[in-house]
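Okay, so subunit A shows up in both of these, paired with subunit B first and subunit C after.
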Partner chain A sequence: MNQIVLIVVLPLLAAFLVPIVARMSETLGAALGPLVMGVCLWITGTVAIESAGNAFAINIGGFLPPLGITFFVDRLALLFAFLTALLVLLLWPFQGEHRPREHALTLILAAASGGLALSGDLFNIYVFYELVSVASFGLVATGNRSAAPAVRYLILSGFGSVLALVGIALVYTQTGTLNLAHLSQLAPTQLINPIGLAAFALILLGVGVKAELFPVNTWVPEVYATAPNRVSALLAGLVSKLAALVILRLLVLVFAQEQALLVMLLLGLLGVITGELAAWRAQDMNRMLAYSSIGQLGMVFVAFSIPGETGVFAGLAIALHHLVVKPALFLLAARWGGALSGLAGAARGSLSGALLFTLFALSLVGVPPLPGFWAKLLLVMGLAEQVGPLYHFALAGILIATVVEANYLFRIVATLFRRDNPASPAPEKHSGSDIATAGIFGAGLIAAVLLLIPLSQSLKTIAQQTSDADAYRAVVTLVPTPTAPNWRPAAISGDTP
Partner chain B sequence: MNLPSLDVSLDLILYTGAFGLIVIGAAGIVLARHLFRVILALAIAEAGANLLLVLSGYRWDAIAPILMGSESTAPMVDPVPQAMVLTAIVIGVGVQALAVGLAMQVKKTYGTLDMSAIRQRLEADIAGNAGIATTGSQDAPLGERPLPPVDAVPATPGSSTP
Partner chain C sequence: MTPLDYLLLLSLLTVAIALVAGHRSMGGVWLTFSYAAQLGGLLLMAGLAQPSDVITSSLGFDILGQTLTWRYDALSWYFALITISAGLLSTMYTAGDWGEKFRADGGNLWLLHVAIALNVLSMLILLGSGDLLTLFIGWELVSWASFLLMILAGGPSIQAALRYITYAMGGAMAILAGLALIYGHTDSFAYAAVANTLQSLSPAHLWAPLLLLTVGFGVKMALLPLHLWQASAYAHTPGPGAAFLGAISSRMGLYALIVVLIQLVGLVRVIELPVLFSFISARDVLAWVAAFTIIFPTFTALRQNDARMLLAWHGIGQGGYMLLGIVMGDALGSAGGLMHVFNHATYQAALFLSVAAVVYRTGTADLNRLGGLVVRMPLSFLAMLVGIIGLAGLPPMNGFVSKWLIYRSLMLEGEPLLFVAAVLGTLGTILSVYKLIHNMFLGQLRVEHENIREAPWSMTAPMLILSVVVFITGLMPGLVLHWIAGIQATVGLPVIDYSLGGLDSAQGSLDMLWVVGVLFAGFGIGAVLFYSGGLTHRVHQLDNYAGGHFLSADIRYHYSDNFYPGLMRLIGPLYRYSFAWLESAVQSGLGLLSLSTQGFYRRVAPSNYALVTAVLVLLWVML
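Moving on, here comes the complex of A and B:
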């Protein structure tokens, strides 16, 4: 089962081979990337079947943790590794102008995303996170006039990384280790304190830049409005979910304290409210989708702030639903990206596009048989079970946000099907590949409705396994280090020589 | 450097310095108007974070963590943070190089490196591409207000090209 490491190694290797191969043979260079991602998909599938849902750990290079680097592979990690390969394959940028360069960056993004899903070491997570960042800066900058948003995104993300690094340094001064299993062993005695909370807040803000968390999401509308739509789809669909996954792991394993949950609840709720209201006011499709994505990610964070398995279950359901719906909407926005008022009667030009948009809009709002409804229901029921005014306030906030969401999405659907202005030229038709890919996402959504019961069962198992910190610790074998339990650097404890 | 009586205050100075660098960097990112200065401020903040990481494993009474083959029993400085700082420095250099490259692109596209001018033009650009009016305050005066041409951007002390 060690071959799971290849989902990080192969794309990384291929990323640096693509420009060379493309120089020798253009077709081979263009085929290399999708081929590698296909292999990754196959590897993840076989490992998932082989491991039969049991978690296992891989020690890179044979060095045992906490000294070595661990890859922790459980159902959640495999699910996200699989989705990474699948989404990268579906959203492959084969139409771009600078093809080898885009292919290389996409492969780096895929490798680092796989690493984020698997890594069981805080610093390793930081390195993969930076790799995702750099690849996404490059991909954003491939847009026509997107250098300015890319550089603004880079500065915000760079400062976020600084904050995350400070958080990691605080964790290290407190515990002297960065292995997640080891940290979760030491956390009850050494991290459940104000310094631990500060470290969590810093890492949350740092990683939250990619996860579109409330105060650090100013890059979202401008980047999604100017970047190529397939890149926006990857960032909104995949990268934001992986950042949320990192925060979930840290929350379950290391920072399981009440104040940490409250911080997340507040920031998530602010994200929901601001995101949905801004989306309601937006006048063009791309930015409307960007703001709505901020709102949805806020909902994921609100769900993760519900303690225990319920929260993980609801959060994963919303995240996965958003992961299917938002990339498809961004693909549809490739030709409908302009002003919303210009879309009047667009259904005449492209009926299938309009029908798909309606399907995704209904699911995003949460109309009963569609998966979006069940995900929101889980969240609402989870919040209602909690005691405490803040949780009930969040419940009210989410329901109001849903009304706002319904208002702006249905307004667009109504515009699409309007008949009364034949004067204005209908917008361009979608390109075949865009509509086909969006159709695949739509088919996935319908399949999820039909397979609702088995899907929710397996998602519940994943949530159970993820929220069980004891099981995580049991899987990773730790070598007892002599200094580990009461390790303190001289500077903190003050035991000067 | 082994001055036991000064250790605590020296540590205090170093920790204050590390957090101070981060604060200076944050202030620079928020306050500076020139894009190049913002990138420099980011570099300063990164230096602060790196210093903090080094400090987290440093001991004044220990030697460098290099195994020389001899059976030395002297305590060593924790090597893990130093390895991490090396990684962080390399990442930082890469990101800064990318930032400067993108800044050159911005200069080519918009003809300015002034942050607020870039932002204004970006808004106008996005709105123009989408075919909508620039979103602004409701209290803003009515009517068309074309952006000043590229050359007529008022020169601020920070906006001269480096």
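Moving on, here comes the complex of A and C:
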């Protein structure tokens, strides 16, 4: 089962080969990336079948943690590794202008995303996170439309990295280790204190840049509005979820304290409210989708702030739902740029596109029996079970935001299907590949409705496994504590679990 | 397979037929037959009269730890009867020439058929809900199905439908919040568990979920102040669609309110539940909301100049009567409220269909552009006459019986102020329905309408069927009261003591057979006197004179605009449009908030936020 490491190694290797191969043979260069991603998909699938849902850890090079590098593979990690490969494959930039460069960057993004899903220690997470940043800067800048949003993204992301690094440094000075399992052992004694909280807050804000966390998400609207739509789809659909996944892991394993949840709840709620409100007056579809994405990610954070398995379950459901819906919407928006009023009667040009948009909008709003409803219901039930006015306040905020969301989404649906001025030129048709890909996402959504019961059960199993910190610790074999590094600052001692 | 399964399958089949054959010329006929089959299936289930009589569906599954079930009892059956009949008659109306003309004018007939079939299916699902979660799912399905029906005409209907869906989503989210609060107490959505918990909740804890659910369900009923969406949304729906919506759609809110207020919370509890820091109870609040819902929309209807808008505004007001009767909670009032659901559906559908027939022939529903159509379209006139008598609540039509029961209950329960409010509403209704029939059918015929003929039989037949039902159930209200008594027994209300002609009990007696008999005897004598004298003389409708002068057809003397000027001088200043103002204020406020949040995201130096937040969080941690 160690071949799972290949999903990080292979795309990385391919990323360096693509420019060379493309110089020799253009077709081979173009085919290499999708081929590698297909192999990754296959590897993840076989590992998932082999492991049969049991978590296992891989120590790279045989060095035991906390010294060695650990990959932790459980259902959640496999799920996200699989989705990474799938999404990258579906959103592959077949028609980009600078093909080898885009392909290489996309492959780096895929490798780093796989790494983020699998990493079992903070340092690797940081490295892969930076790698994701680099790849996404490059991809955003390929849009060529304007450099300003990319620079804005660069600055904010760099600042976030600094914050995250400071947070990680705080954790390290406090405990002397960065391995998540080890940290999880030490956390109850050494990190449940103001320093731990400060470290969490810094890491949250740092990683939150990619996860579109309020208030470090100000890059989102401009970048999504100007980047190529497939890149926006990848960032909104995949990268944001992986960043949220990192925060989830930290929250479950290391920083399981009330104040940490409180910070997440507040920032998540502010994200929901500001995102949906800003989307209400958005002037073009890409920006609207970007703001809506902020709102949805805010909901994910609110869900994760519910302690225990319920929160993980709800948060994963919303995140996965968004992961299916938002990329498809960005693909549909590719030809629906410009002012929203210019979309009047766009359904005449592309009926299937308009119908798909309606389907996704219905699911986003949460109309039963579409998956979005069940995800939202999980969140509502989870929030309702919590005592404390803040949770109920968050519930109210989310429900009000949903009304706003329904209003702006269906204003667009109505515009698309408008028939009153047949004289106006219909907007461009969608490219075949965009519609086909969006159609695949739509089919996935419908399939999820049909398979609702088994899906909800398996997601519940994933949530159970994820929220079980003891199981995580049990899987990772640590170096026996006596040989734990003794080069830690002397002031902080006593690392016995 | 239970009868309920067959019913739902038939309804699903109807949707399939609409999808496959809705665009064919025979599609409407097939659909009519499949609605008739649904009605037959429903009638096979008749006999749900006792609390123990419940037909469950084998449909049902467990998800997310919740069990979803569907089942029908007497209450569901009664509402389902109205739903399917409304679907049947409006589809029958659409199936013939109306549909052809609709398509010729660029309408999407296929979508109209599909939308009506989906509405019926979703309503049947809602009515079968066996727990709060299925209730919510059904609720959402109904909301979105109505949205489809409202928006499909395009043009002005789009704005109206968007306004509707915003209100509906607001309502749905209020319901969801209420359900969440209840779920927080029970960890279950099952009716039995919820009812148990609600019994034991303290008044302070009961208020929040009760208020949220009432507001949420009240949106669909268009209770004040959540009523602004309804009139334009219904009026802009194509003719038979408007008839369908006007007949049953907003009653789904009443169904859900009955489930929550009476079956789950218990009306006794609502009556006892005090409003904090005051001497009134939750029931008083509901009753007065219902009373204001009667008065304001009815008097708004009086000022409408579009026949469809006028009817739609009345639909809101009549919903107030139903709620008012039901919250009275005694046998007479609740019977009146429940019966009014049926009665209103029948006459309102007849009225909308009659107006649609006029629109079909003349192309307008503008009350200032019609008149004198009585000779040209006598059957449509008859349907409208029967309909407005029912709407105004006058004998011998069925609307009289239900309103009589409500008035009687208000008096017996010692609510003179509410009684006055209800009568005030009826006054407004009588005034405005007279305006309706006068401006459309009476008075001077316009020259351009000289060659108009009666609507084809495919359109007159449903109207006449409805008129007959309005009359028959007015003559023999016992037919409907039989179902009502079953509902009252099922939901736990006092049961009315009815007879075929009305009611015969200690609280009062009414025998419509006698009332109608005397009335028609009077009409008969008048008719004999009128026709036996031999003094009548038929002239052409455009052959008129006034004050000794002949009036040629181009002289307009049909008095239609600014109807009731004297009354309007008195009450005109009272129309403040405060609710519309409030709505636009909320909208502007939201726009302002939205702009300021966008301003936040547009800031040039984004890292400042990160820095400030980091510092703030660190400060919070340190402190």
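To be clear about the criterion, the second predicted complex is superposed on the first by the 480 of 497 C-alpha atoms of A that agree within 3 Å, B and C clash if a C-alpha of one lies under 4 Å from a C-alpha of the other, contacts with A are read in each partner's own complex, and residues count from 1 in each chain.
To be clear about the criterion, a residue touches a chain if its C-beta (ideal position, glycine included) is under 8 Å from a C-beta of that chain, and two chains touch if they have at least 3 such contacts.
All figures in this text were calculated on a predicted structure; none of them were measured in a lab.
Comparing subunit B with subunit C, more residues of subunit A are touched by C.
Look at A:Glu309: by the touch rule set out above, it reaches neither subunit B nor subunit C. Of the two partner chains placed around the shared chain by superposition, subunit B and subunit C are both touched by A:Ile155. Contacts of A:Ala198 after superposition: subunit C is touched, whereas subunit B is not reached.
Of the two partner chains placed around the shared chain by superposition, subunit B is the only one that A:Leu165 touches, whereas subunit C remains out of contact. Applying the stated contact rule after C-alpha superposition, one finds that A:Thr173 touches subunit B and leaves subunit C untouched.
By the document's definition of touching, of the two partners only subunit C reaches A:Ile453; subunit B does not.
Once the two complexes are laid over each other on the shared chain, residue contacts for A:Asp468 go to neither subunit B nor subunit C.
Of the two partner chains placed around the shared chain by superposition, subunit B is the only one that A:Val127 touches, whereas subunit C remains out of contact.
In the superposition on chain A, the residues of subunit A touched by subunit B in one structure and by subunit C in the other are 152, 155, 159, 281.
For subunit A in complex with subunit C, the touching residues are 152, 155-156, 159-160, 163, 194, 197-198, 201-202, 205, 209, 215-221, 259, 263, 267, 273-274, 277-278, 280-282, 291, 362, 365, 367-369, 373-374, 377-378, 380-381, 383-385, 392, 395-396, 399-400, 402-404, 406-407, 410-411, 414, 417-420, 452-453, 456.
Contact residues of subunit A toward subunit B in the complex are 123, 126-127, 130, 133-134, 137-138, 141, 145, 147-152, 154-155, 158-159, 161-162, 165-166, 168-170, 172-173, 176, 178, 222, 225-226, 281, 283-287, 337-339, 341-342, 489-491, 494, 496-497.
Of all residues in subunit B, those touching subunit A in their complex are 2, 4, 7-8, 11, 15, 22, 25-26, 29, 35, 38-39, 42, 45-46, 48-50, 52-53, 55-61, 78, 80-81, 84, 87-88, 91, 94-95, 98-99, 102-103, 105-106, 108-110, 118-119, 121-122, 125-127, 129-133, 135. On the subunit C side of its complex with subunit A, the touching residues are 61-64, 106, 133, 136-137, 140-141, 144, 147, 151, 154-155, 158, 161-162, 165-166, 169-170, 173-174, 176-177, 179-181, 183-184, 187, 590-591, 593-595, 597-598, 600-603, 606-607, 609-614, 617-618, 621-622.
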